Amino acid sequence: MRVLAIGAHPDDVEALCGGTLAKCAARGDRITIMIATNGNVGSSTLSREEIAAVRKKEAEDAAALIGADLIWMGFDDEFLFHDRQTRLAFINAIRKADPDFMFVTSPNDYHPDHRICGEIAIDCRIPVTVPLIETEYPPMSKIPHVFLMDTVGSVGFEPDAYVDITDTYELRGRMLQCHESQGAWLQYVYGMDYAEFLARPTAMRGMAIGVKYAEAFRSLPMYPISGGSYMLP
Amino acid sequence: MRVLAIGAHPDDVEALCGGTLAKCAARGDRITIMIATNGNVGSSTLSREEIAAVRKKEAEDAAALIGADLIWMGFDDEFLFHDRQTRLAFINAIRKADPDFMFVTSPNDYHPDHRICGEIAIDCRIPVTVPLIETEYPPMSKIPHVFLMDTVGSVGFEPDAYVDITDTYELRGRMLQCHESQGAWLQYVYGMDYAEFLARPTAMRGMAIGVKYAEAFRSLPMYPISGGSYMLP
Amino acid sequence: MRVLAIGAHPDDVEALCGGTLAKCAARGDRITIMIATNGNVGSSTLSREEIAAVRKKEAEDAAALIGADLIWMGFDDEFLFHDRQTRLAFINAIRKADPDFMFVTSPNDYHPDHRICGEIAIDCRIPVTVPLIETEYPPMSKIPHVFLMDTVGSVGFEPDAYVDITDTYELRGRMLQCHESQGAWLQYVYGMDYAEFLARPTAMRGMAIGVKYAEAFRSLPMYPISGGSYMLP
Amino acid sequence: MRVLAIGAHPDDVEALCGGTLAKCAARGDRITIMIATNGNVGSSTLSREEIAAVRKKEAEDAAALIGADLIWMGFDDEFLFHDRQTRLAFINAIRKADPDFMFVTSPNDYHPDHRICGEIAIDCRIPVTVPLIETEYPPMSKIPHVFLMDTVGSVGFEPDAYVDITDTYELRGRMLQCHESQGAWLQYVYGMDYAEFLARPTAMRGMAIGVKYAEAFRSLPMYPISGGSYMLP
Amino acid sequence: MRVLAIGAHPDDVEALCGGTLAKCAARGDRITIMIATNGNVGSSTLSREEIAAVRKKEAEDAAALIGADLIWMGFDDEFLFHDRQTRLAFINAIRKADPDFMFVTSPNDYHPDHRICGEIAIDCRIPVTVPLIETEYPPMSKIPHVFLMDTVGSVGFEPDAYVDITDTYELRGRMLQCHESQGAWLQYVYGMDYAEFLARPTAMRGMAIGVKYAEAFRSLPMYPISGGSYMLP
Amino acid sequence: MRVLAIGAHPDDVEALCGGTLAKCAARGDRITIMIATNGNVGSSTLSREEIAAVRKKEAEDAAALIGADLIWMGFDDEFLFHDRQTRLAFINAIRKADPDFMFVTSPNDYHPDHRICGEIAIDCRIPVTVPLIETEYPPMSKIPHVFLMDTVGSVGFEPDAYVDITDTYELRGRMLQCHESQGAWLQYVYGMDYAEFLARPTAMRGMAIGVKYAEAFRSLPMYPISGGSYMLP
């Protein structure tokens, strides 16, 4: 299968579905990670250009760990908006990845970029198949299924699918550690270190299904239903 | 009564409230069908301009079958956005129709244009009455009531009103058949023919109220409540 | 796998998950159908004892069509209540079937017996595993996963899993036809014939996933999550 | 039309749909008020028998003001439970009234008797039509439609229908004043006088629809949908 | 504490949390009222510029009554949209007020400006703390907690916190009366006078907690939870 | 303040609000722990009488650690039902504790005893104040406020209040360790040790508010609202 994970910022995908992507990779899926913004505010010490460059490199390193392709959209961090140009850029990027299913940030997640990124991705679900919407890549032949990723803090999110990531937890940890610029930043803004940020939600979701670590998802309930949780590893 | 049905694309209104509009017409209501986009991507063979022209003609023919006025907004298919110019165009069009109540696409329907079209229409409910918002047509004297139309596939929609359309089912079928360019398109994108698309949801909603065919709606719960399902035919 | 479908009345299981059970049978699952009440009010012409006897025979015939075991609980139709004796009877019956997962009627379905039957079944999920609750059959070794079946009329039910039953639709039809005493009864109470009752909801749910006929379910979101829709055929 | 309003206690019906019943009476409906419990704890000074007798008289007086029949069930106040005998008593009483639609207390209202009374009434919706459930009164020929009444304090209740009761507000006030034993009781338990208890929720619901006073309801979303808010006066 | 109340129009804050702000002022909080639009359509007789000037003066007078600072954003009434420039203006204004918690209009309130204003404010919750987003005022040192204000008409809003405003009800009345230009306007659009508009919802919410008048709120459930209703006066 | 925590089984209260109770104790509240069932199935080796005796002793030891009173109801584990006798026993026990607020198990928690215990407790909220319901202890003078405790596994529970229990986490651990008979049982049924069971949910809820450990609650939204989260420590 072809899998596309769409994050608003570098490290979102690793944090919210990294263990699952690693399992997908292990079963032979072709994986693409697409990142909407360039993360250019994620520092309390570097300039916007500097931190953006650092984060792109970090994202590439993380993706490489599971052999994933990376699509770097480069929109300004904290300023993703839903306009024609952004939607077209998303349509083109999704077509490039041509996924059977997509992981997207939840439209009620905690950060505006997460919410808007998720909405744009969902809004592209149908248009990616429409021939008269012309972009660099050709129209897809079928509507990809969509999974919403858990929210940060698991606030306001009721999963209907869980993936046991005990086996890939360590690899996911290494993916997250590629984003070392964000260790200090998380500590600065949320007072939490990466290890905790990594462990707590997956331990909780793991408890729900009786394993050590799990990631949680929700199938988008929207016509036409073009997949389901049986697609998950 | 004056009734306004707002669809995102040509044929939305016929598919989601066509039988009800035909009943409204039969009891003497003045009916307007307003279509936000020009449907200019709905083809796998024609150019954008060609398919838009075809669809406008189809929409006019369908409207004529129940004596409805047609307001053709002409926005680009798949690219309806919620900005000042679009809202003003909607305000003006709604004022032209001056409805007692409106049918709008549901803000959680399956297609981005449906969701955004419904949101814009709902956002115009109050402003259409405000004199200092000047458009071609004069301000309305009262806030129109809003009914959300069923979603495509009836996913994520809990009706609170049903209309028995058994008597107008055949006429609604003829309205939909006016959109003959979309028969091939539906088959192309969703693998479903028009007859099925027509029959399945209305048979299901009909079962709920014990009749052969029905359409389902939901009153918008928003202050001030300016009408209710007693307005329906 | 071992599958248990629990209906409140004879014919509930056939109507709400019959096509799925037939698919389970086809892949080699061991299937048990458990029926809470004896259907002893389902007639406008026979006595309670007569109609109960007729319906038991019908249920046996329907179960035989897919090689399913039948557990006949024999509670009075329309008078299922949630008390100690009923819960113990359910615990014992579920242990007898020893399922990996169960289909149960939804706690917000249209009929009081459906609602209460679903609640009792859900309430037995944990106790079936507890050794100190002694019944005829031994405690189960793991908590069975629970799927709620669609509601009658699909009112107030948002599925998170669909099963394409196009291939077993005809067989499901024959299962339902075994309940021939109910043809007249459905017509008497709901003004609907069996063929319609069979076709409408599955055609609608089929449309949602782009097939001819489907049945729809919802995983019970309750700790511990002991399965998921990947178990479905 | 025939209308049945089912309250858990004497004065519930007057407080939650009294103005609407008065409008029903004014248009010629046949109205029955059915009261589940005898109100025998509603006093801080009288004995259980004394207060029950007082309240029955009060209920009769209130019903007489709009020409309604009264069905006094006589269950113990605060101890309504959902068992076979209670359900049969409800089935019989509903059959006696033979309503086109019923007003019932909401299953999430504030008082246990309200919640359970509403649930029992809803659970009787289908069985009242079943011939083999034999009670004093004959089976009904059709399933009555159900409206949930607003909750006390309007907490956790989202209406989908409103009735303007400005014209019958004064008459409703006189109905409530018949329950004069409860004036002191309300003050004792909730620190609120009857006039306020009467005015506040209806003024608020009235504001929602732009009138002086209104009562609010919700159609029960349950198969088969056998009516709708068009039935309301 | 520092408190920021964000209204879409002049008088929103007074109507939806005025009594609570007055209590905050009484306990010594530093209060800022921020108004997104200039109210320049709120008249059926004056020009846009005239009514905007009138309303600014009214807002200043109302704020002065409780010693609150006023931030006048000046966007066009009825045309608030969610774009980069508007978000930046909100970020800057919130930073100026530097609040511990904010009151914002609910994203499902009745008026498009209310919905969008609430969304923008919520979207600024995180960015206000980010140093690389540079505006006139410096980044905040912690994420402010957010309370959603009750909707107009209390439609579709389930509070989880109430504030008894009986003591400040009269003062809130005087704040609202500063907006005397809107008395005629409310009568014109909604057929309701200010006194009623003031009294009805607060009397209803007061009934819920057993006091004369109350205002109702809901904590925003979003990571990181940076406060709670214990902050309220 | 007087605080009552009602668990279905010995150890529920410690697991779901133990840290909060310890904080209540530290600020001087009078605390009562009430346990509905005797836990007499919670063993795979002892007899029902033996394990019940063990668990009573464990519960007493745990309560003693925070100086709480213990009310041992003694109903059969897994067979709590909602009948008159059980409700009266609850009313009497609540009156004995005479709480300002109660913690109760959530009506959608994972275990039938939890669900039913929570429902019974909620159903007693009003009747505990009614003089004509005579039990051993006198009627309470005011309606206690109710907090729902988090569900096990945090499935289907959206908190509106959090308590930082970092300081009492160790003490809560010792309370849970008093229930040493359940260590083996948890391992037997859910494959999880007590330490994990203790740590995972509180670490997750702690993350939501930016602390090490937290417990989460939800105020019951039901008239009359007689308290709020400001009561929590």
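Order of writing sets the chain letters: A, B, C, D, E and F. Residues in each chain are counted from 1.
In this section, a residue touches a chain if its C-beta (ideal position, glycine included) is under 8 Å from a C-beta of that chain, and two chains touch if they have at least 3 such contacts.
This is a predicted model, so every value here is computed, not measured.
Undergrad: Identify the chains in contact with subunit D as well as subunit F, in label order.
TA: Under the touch definition, subunit D and subunit F have C, E as mutual neighbours.
Undergrad: Using the contact definition stated above, find the chains touching both subunit B and subunit C.
TA: A, D
Undergrad: Any idea if subunit A and subunit B meet via the same residues, over half in common, or different ones?
TA: different
Undergrad: Using the average of all C-alpha atoms in each chain as its centre, how far is it in Å between subunit A and subunit D?
TA: Averaging C-alpha atoms per chain gives centres 52 Å apart.
Undergrad: What whole-Å value do you get for the distance between subunit E and subunit F if each is reduced to the mean of its CA atoms?
TA: 39
Undergrad: Residues touching two or more other chains, restricted to subunit C: which are they?
TA: Touching at least two other chains: 153, 155-156, 158, 190, 208, 210, 221, 223-225.
Undergrad: Which of the chains touch, listed as pairs?
TA: Applying the touch criterion to every chain pair yields A-B, A-C, A-E, A-F, B-C, B-D, B-E, C-D, C-F, D-E, D-F, E-F.
Undergrad: Touching subunit E in the complex: which residues of subunit F?
TA: Contact set of subunit F toward subunit E: 158-162, 208-210, 219, 221, 223-226, 228-230, 232.
Undergrad: Which of the residues in subunit E come into contact with subunit A in the complex?
TA: Touch residues, subunit E against subunit A: 82-84, 87, 122-124, 126-127, 129-133, 221-225.
Undergrad: Can you list the residues on subunit D that touch subunit E in the complex?
TA: Going through subunit D, the ones touching subunit E are 153-156, 158, 190-192, 196-197, 199-201, 203-204, 206-208, 210.
Undergrad: With touch defined as at the start, can you tell me which subunit D residues reach subunit F in the complex?
TA: Listed in rising order, the residues of subunit D that touch subunit F are 40-44, 47-48, 51, 78-79, 81, 108, 110-112, 115, 151-153, 155-156, 189-190.
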